[in-house]
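Pasting the structures here.
Two complexes are shown next, each including chain A; its partner changes from chain B in the first to chain C in the second.
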Partner chain A sequence: MRNFLVRRILSGIVMLATLAVVGYALLRLGTSDIAQKIAGQSAGPAQVALVEEKLGLDRPMLVQFGDWFGALLTGDLGRSWFSGQLVSDTVLSRMSVTVTLAIGSVLLTAVFGVLLGALAATRRGWIDRAVQVLAVIGQAVPGFLLAVALVLVFAVQLDWFPATGYERFADSPVGWLRSVTLPIVALALGSLGGVAQQVRGSMLDVLGRDHVRTLRSRGLPEHRVVYRYVLRNAAGPALSVLGLQFVIILSAAVVVEQVFSIPGLGPVALTSTTQGDVPLVMGIVLVTGAMVIVVNLVVDVLQGVINPKVRLS
Partner chain B sequence: MRRWSVAAVTVTSAALVLTACSGGPTDDGGSADGGHLRIGAVVDLSTWDPAGAAWGNEATYFMATYDTVLRTAADGTVEPGLAETWEYNDDRTQLTLHLRDGVTFSDGDEVTAEVVAENLLRFRDGTSENAGNLGAVESITAADEHTVEIELSQPDPGLETYLSQNSGLVGSPAMFDDPDAAASPIGSGPYVYDEAASIPGSRYEFTAREDYWDEEIQHYDSITINVYTDATATQNALRDGQVDMANLNSTSQIPAAEQAGYTINAAPVNWKGFILADREGTVNEALGDVRVRQAINYALDRDALLQAIDSGYGEPTTQIFGPENEAFVDELEDRYPYDPEKAKELLAEAGYPDGVTIVEPRTSFVPASDYELIAGMLVESNITLQGEETGSEFIGDLLGGKWAAFQFGLNQEPLAWQVYQLAVAPESAWNVKHVVDETVQGLAERMRLGGEDGSAAARELNEYLVEQAWFAPIYRVDGVLVTAEGTSMTNKTGQAVPNLWDIVPE
Partner chain C sequence: MTTTLVTTIARRGSSGGLGRRLLRHPLGAPSLAVLAVIVIIAILSPWLAPMDPTATDVAKVFGGPDAEHVLGTDSAGRDVLSRLIVATAYSLAGGLLVALVAIVIGVTSGLIAGYFGGWMDAVSSWITALTMSLPGMVVLLAARAALGPSMWLSMAIFGAIISPTYYRVVYNSVRAVRSELFIDAARASGLTTTAIIGRHVLTAVRAPIVLLTAGMIAGGIGMMAALDFLGLGSASTPTWGQMLSEGFYQLTRAPLLVLWPALALGITMIALVLLGTAVRDELEGSASTRPRERSSWSAERSPEPAIVHAEPAATEPVLEIEHLAVAYPAGAGWTTVVHDADLTVRRGEVHGLIGESGSGKSQTAFAVLGLLAAGGRVVSGSIRFDGRELTSLDARAMNALRGSRIAYVPQEPMSNLDPAFTVGDQFTDPLRVVHGMSKQAAKEKALELFETVGIPDPERTFRAYPHQLSGGMAQRVLIAAAVSTEPELLIADEPTTALDVTVQAEVLDLLRDLRERVGMSVLIVTHSFGVVADICDHVSVMRSGAIVEQGPCRDVFATPQHEYTRKLFASVPQGEPRGALTEGGRP
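== the complex of A and B ==
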């Protein structure tokens, strides 16, 4: 296990370095007029030149990259070209919000996805059909629409939750919970059906195997067969899907955070990309990339915990 | 089964706790009670550093935290700010400001003439897009502790107004060399920024300063500015009653705002239309002929376009100066009635009996549907618009004069001089071909000296620009602010947001 972890960490570092190089190159080659955008549409050539000088944009691209990458190796993500704020401050303060939404959504998806998938696989009938319909709806309906619908019903009509905004946990735990509930539900609804489908499929596969028949023939209660033996064997593929869902939810969070005016990575990623704020975009790219690498590592470790064969391989 | 029962009970209990704690919007501390103002902003703050400050939609942030050297009232009248009195010398090349005594920043440092001078110089030499507002400033010195002398290379009739905007923001000297100044303002303004309670990019919190020198403009104990860059978020916030005053992202949100019980405060802020930049015909020979440019003006059904694009929220116009501007001439609004036949006639006179083709950029400033609508309309007058896709990287080309004409929207500044500096002066950003016209220059020199003759020259300039069809404005579009019950405001001439002190509890 230790060797496995070391290998994965090293490969993760290589991946991040590659992401840094490729991402920076694509961004800089794909954007122009950055100094004009920073200075403002109505800024004259003198202001634009001043901005270029101040930010070092008048230097050769390789020199600019070298400076940025060198600083990155010391943990310095630089400052936003537009706001002047430290990228690390911006990204870290917002990352916690996005991660909260993502983890909350994944947990909600996991709990209810497994529950619905298990019910669909064991009870069949209308529950099975409902799960399949839910899967299709979740994948077909954009997260944006789900978010708007939730706001209209639960915030505007029923007044159970705020329509927009975010409350810090430290300021008010209840306020925080209320402010993240609808966004988390909006994100979870989109992936719930898919996870339930996956669990259903895996469980149906395991339920048909000989060892399950043997367990039943030995007189074990059905619920024990299903939840202690079948679910554990079916959990592997579901875990992989959940890991994938985490990444998908990170992307979907961009839209959901905009709709709910949540100060996560989403809105700042959108703005900084549009503006061409390279340091900030790269900071977000690297942090997001690191999160994906960590999540995949966690999923692999959990796969090993669940299934000894994975450990051995 | 027991586990699921426990889970079900847990979920149900949590739901009950949450609903028990509901009862109105909570993210900002509840609805307005006269002590707390919640503002919805459509634009996030770019920087707190006065040297790089923007204005326009960001003005509210700055008005909360900083004072300006002068102020302007809602009707554009210049009023005292940090400077109690001021005067020009005879030839208007020196402005002397007499600062009020005893004003301090929130960190305790005193606002002195030296600090004010340094702030103004930092802005002039800084990265703000409006740094050119102080372009005529040659030097700024502190004659004594409360007297600032500004030397100008030539008279600037807009200077007093500029000193009431971002050009005149005064921040503490502690910010000058602080790399974190962009995130941490220290001003002498009516409210203090609460950095700990704020979430940059989402919510900015301010508390009223107890020892502020002008208590009369402090109408609230605290202010929250919520950022809603997404139109859906704005609408949801309105529906949920989460703001007392807000900008709308577009006029299409007006019905939803009215349904949510908000009062609509609409006032024209920008004009939309064409900048017919190539008046010398260097890119498109046809546009060098005034008759072709006039034809474009005749080819636009302004009423129909206003209705189709902005649902009638605005006023058709042929002028780039707003109705409150000294240069505005009422009669000019009828100069170019919609007349495709007249347009064709002018084109034929100019030597284009079969019409003209104009290549224009398709930019993110104008929705594609608007392009199609206007292009379809101009075709009836034998004017073909050929759109050129630009992607997001076009500003340099646009400002560099690549295209002969393009659709755009510009602010209708309160002063004629500001409009001249923005879009007419040879060196202005939006005179992209930097056209020099003797008549325009002569009128500008008279405007520069101000007074009655300056105002008369401004009107003559307007008439000349309309007659020469330097532009083809279509309409002035309303900027819309909404207020909740219990809050009222006064629109400010030529500004997207009102003065902060003109937002009052009812």
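== the complex of A and C ==
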């Protein structure tokens, strides 16, 4: 297990480095007239030259890359070309909001996905059909459309939650909860059905296995057989799906944040990519990439906890 | 471009008969019909749109539905219906572009990597892992910054990002085909590499590709709408995403504006996903052919009565099975696996139930335990344990008997231990939960029993996971678990079949020993006369779900009367001692 983890961490670092090289090259070669954009459309050649000199854009590309990459190795993501702020400050403060949304919806998805999946597998009947309908909706209706629908019903019609905006937890815990509820639900609804279906499928598979019959032959009550033994055996595939959902939810969060005007990573990603703010875009790319790698690693470790065969080999 | 969808589905459908089956699927016909309408709207959109979708009318801003503007007008006085219709073509084209790019990249790379293997696959999976390490939206936004703001370019990149889905399917299929012998045969008969790939692989992956494509088009349309919603599309062409965004920000002034594009997008995507579901059902053959009402069970045939060797009744019966019939649902009716079986196990007796695999002997055993596989049912007859009818017992009462007074030893030791829990954990759990033992007492009991069944290092086995045990040790654990509550009746389903020949004799010795020590009766299911000769007092011979001959072992062995019993004897080498015969009837 330890060798496995070391290997995974090393491959994660290699992957991030590749991301950095390829991403920077593509972005830097793809942006033209960037100094003019930074200085503003009305700026004269002298001002543009000043900006170029200040940001070091007049130097050869390779030197610029070497500079940026060298700083990256020391953990310095540089400064935004447009705002001059430290990329790490911007990305980390925004990311905490996005990660809150993502973790909240993954947790919601996990709890209700497992519950619905287990009920669908053991009770069948209408719950089974409801899970299938949910899965189709989750797969077919994009997250932002669900978000719009939720706003229409719960914010505009019922006025239970604010339609847009974000309150910081430190300012008002209740206000914070109210402001993140609809976005989290919107994000979770998209994944819930798929996860429930996965749980249902693997539980049905496990329910038919020999060792379950043998446990039943020993007089264990059905609920203990299902919720202790079957669930544990079905947890592996469900966990993998949840890991994938985390990445999908990060994607959907960009748009959902836009719907609710939440100051997460999404709006910054939008403006920085539209402007061509290379250091900021690269900061976002690398930090999300690192986050996904960490999540995959956590999933692998948890798989080991669940499955002794993985852990002990 | 929009026509490709229709022709593709039509061509593939006619070639495989999938199309016809799809139309019969409850979801297939409606979703195909909806998609057909959408495709037609998209193709005819230049002529269908009643007005110029970009023509503004300042006098008619946020106009409600009227004769001229059926769905009203938007914030610039543009006709909503015309914009919706024109946007349909744009959305479908985007979805198809995504699917097309994904298919071209995924299928090609899958074929190459699968056929040539080695480093090609390593490179492919590394690139896949790289693209998967970022959320799709972040990749798209970054790519947009690097390569330019064209929506079509973004869609093509999205297609590339999701192409690994096709790659996996094609790659796995090629690997599977490659490992088949017929590739060598095909090569020997002079076919070229390309011809082999074309013939075998492309036929194998065609159906899954159709299935994936419905989802891909839906994903592409959704992603495109999301990008347009974010304001990243071109402002000159109307799109669903853009209309959604506008409607959303005008929610309070004109609530209907958000509804129309939401419906258009939702209906299109749901139709595509349902079509995918229908295709999958048809491919897997899992379409719900479940009839509303199943006919009630009736005996298919009454088997000839069993030949019974008479004997003086020695002890009282523990288990009495009379006229037992077990059936499983099949189509609109039933498949009967046990017909009219009679069997009595007396106190202290070892009763062998012998027959070929599929003869219904295990099903008889599971019926007694109340552990028939899903759907299986005792449709007729009675099972009495210690005078108590089991077939009408509720789940709770049955659970109280099972694992206490009736125990079970399974056939395949490795698959009958839960791989996720330690041996000790699953051994002691019923003792604690059902029989109220303390953790310590349960553990002591387990160690003591492990010792009894001949496990050399009980403490180590207790801590081990099942995959760390040998088959013989695992079977000893299961036997120990079964006798842990000193049951009156032990049902052993081929307890030695999966074991090495040397271990088989030891396990039989153990069972004989325990039977004397605990004083239990045993119903042992087997296909081996060696086992019967070794351990049984009585034997029942079963064939195709019916018992054909039964009686005391020595009588049946001395004078077998049914021709099937004689045939079973004839297939066993004569004069062999116990144990060594057990391989004989293994299917």
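Things to note:
Everything below uses one rule, namely that the second predicted complex is superposed on the first by the 309 of 313 C-alpha atoms of A that agree within 3 Å, B and C clash if a C-alpha of one lies under 4 Å from a C-alpha of the other, contacts with A are read in each partner's own complex, and residues count from 1 in each chain.
Note that in this section a contact is a pair of C-beta atoms (placed from the backbone, for glycine too) under 8 Å apart; a residue touches a chain by one contact, two chains touch by 3 or more.
Bear in mind that the values here come from a model prediction, so they are computed numbers and not experimental data.
With the C-alpha superposition on chain A as described, chain C and chain B clash in the combined arrangement. In the superposition on chain A, contact is made by A:Gly40 with chain B only, not with chain C.
In the superposed model, A:Gly56 lies in contact with neither chain B nor chain C. When the two structures are aligned on the shared chain, A:Gly289 is found in touch with chain C, with no touch to chain B. Of the two partner chains, chain C is the only one touched by A:Val281; chain B is not.
Residue contacts after overlaying the shared chain place A:Asp210 against chain C, while chain B stays out of touching range. In the superposition on chain A, A:Val259 contacts both chain B and chain C.
Of the two partner chains, chain C is the only one that A:Val247 touches; chain B does not reach it. Touch criterion met: A:Arg178 reaches chain B, while chain C stays clear of it.
In the superposition on chain A, A:Gly66 contacts neither chain B nor chain C. Annotation: chain C segment clashing with chain B after superposition, chosen from 2-10, 20-28, 38-46 or 74-82, is 74-82. The contact surfaces that chain B and chain C form on chain A in the two complexes overlap at residues 31, 144, 148, 151-152, 156, 163, 258-259, 274.
Residue ranges of chain A in contact with chain C, taken from their complex: 15, 18-19, 23, 26-27, 29-31, 136-137, 139-142, 144-145, 148-149, 151-152, 156, 163, 207-222, 224, 228-229, 232-233, 247-248, 250-252, 254-255, 258-259, 269-270, 272-274, 276, 278, 281, 284-285, 288-289, 292-293, 296, 306-309, 312.
On the chain A side of its complex with chain B, the touching residues are 31-33, 36-44, 46-47, 50-51, 54, 79, 82-86, 89-90, 93-94, 144, 148, 151-152, 155-156, 159-168, 171-172, 174-175, 177-179, 181, 223, 258-263, 267-268, 271, 274. Those residues of chain B whose C-beta lies close enough to touch chain A in the complex are 1, 17-19, 21-28, 44-47, 49, 52, 54, 125-132, 179-183, 197, 199-203, 226-230, 232-233, 236-237, 239-240, 242, 392-396, 399, 422, 427, 429-430. Contact residues on chain C toward chain A in their complex (touch as defined above): 129-130, 132-138, 141-149, 215, 218, 222-223, 225-226, 229-230, 232, 244, 248, 251-252, 255, 258, 262, 265-266, 269-270, 272-274, 277, 366, 369, 371, 373-374, 395, 399-404, 407-408, 410, 412, 415-422, 426, 429-430, 433-434, 465, 467-468, 478, 481-482.
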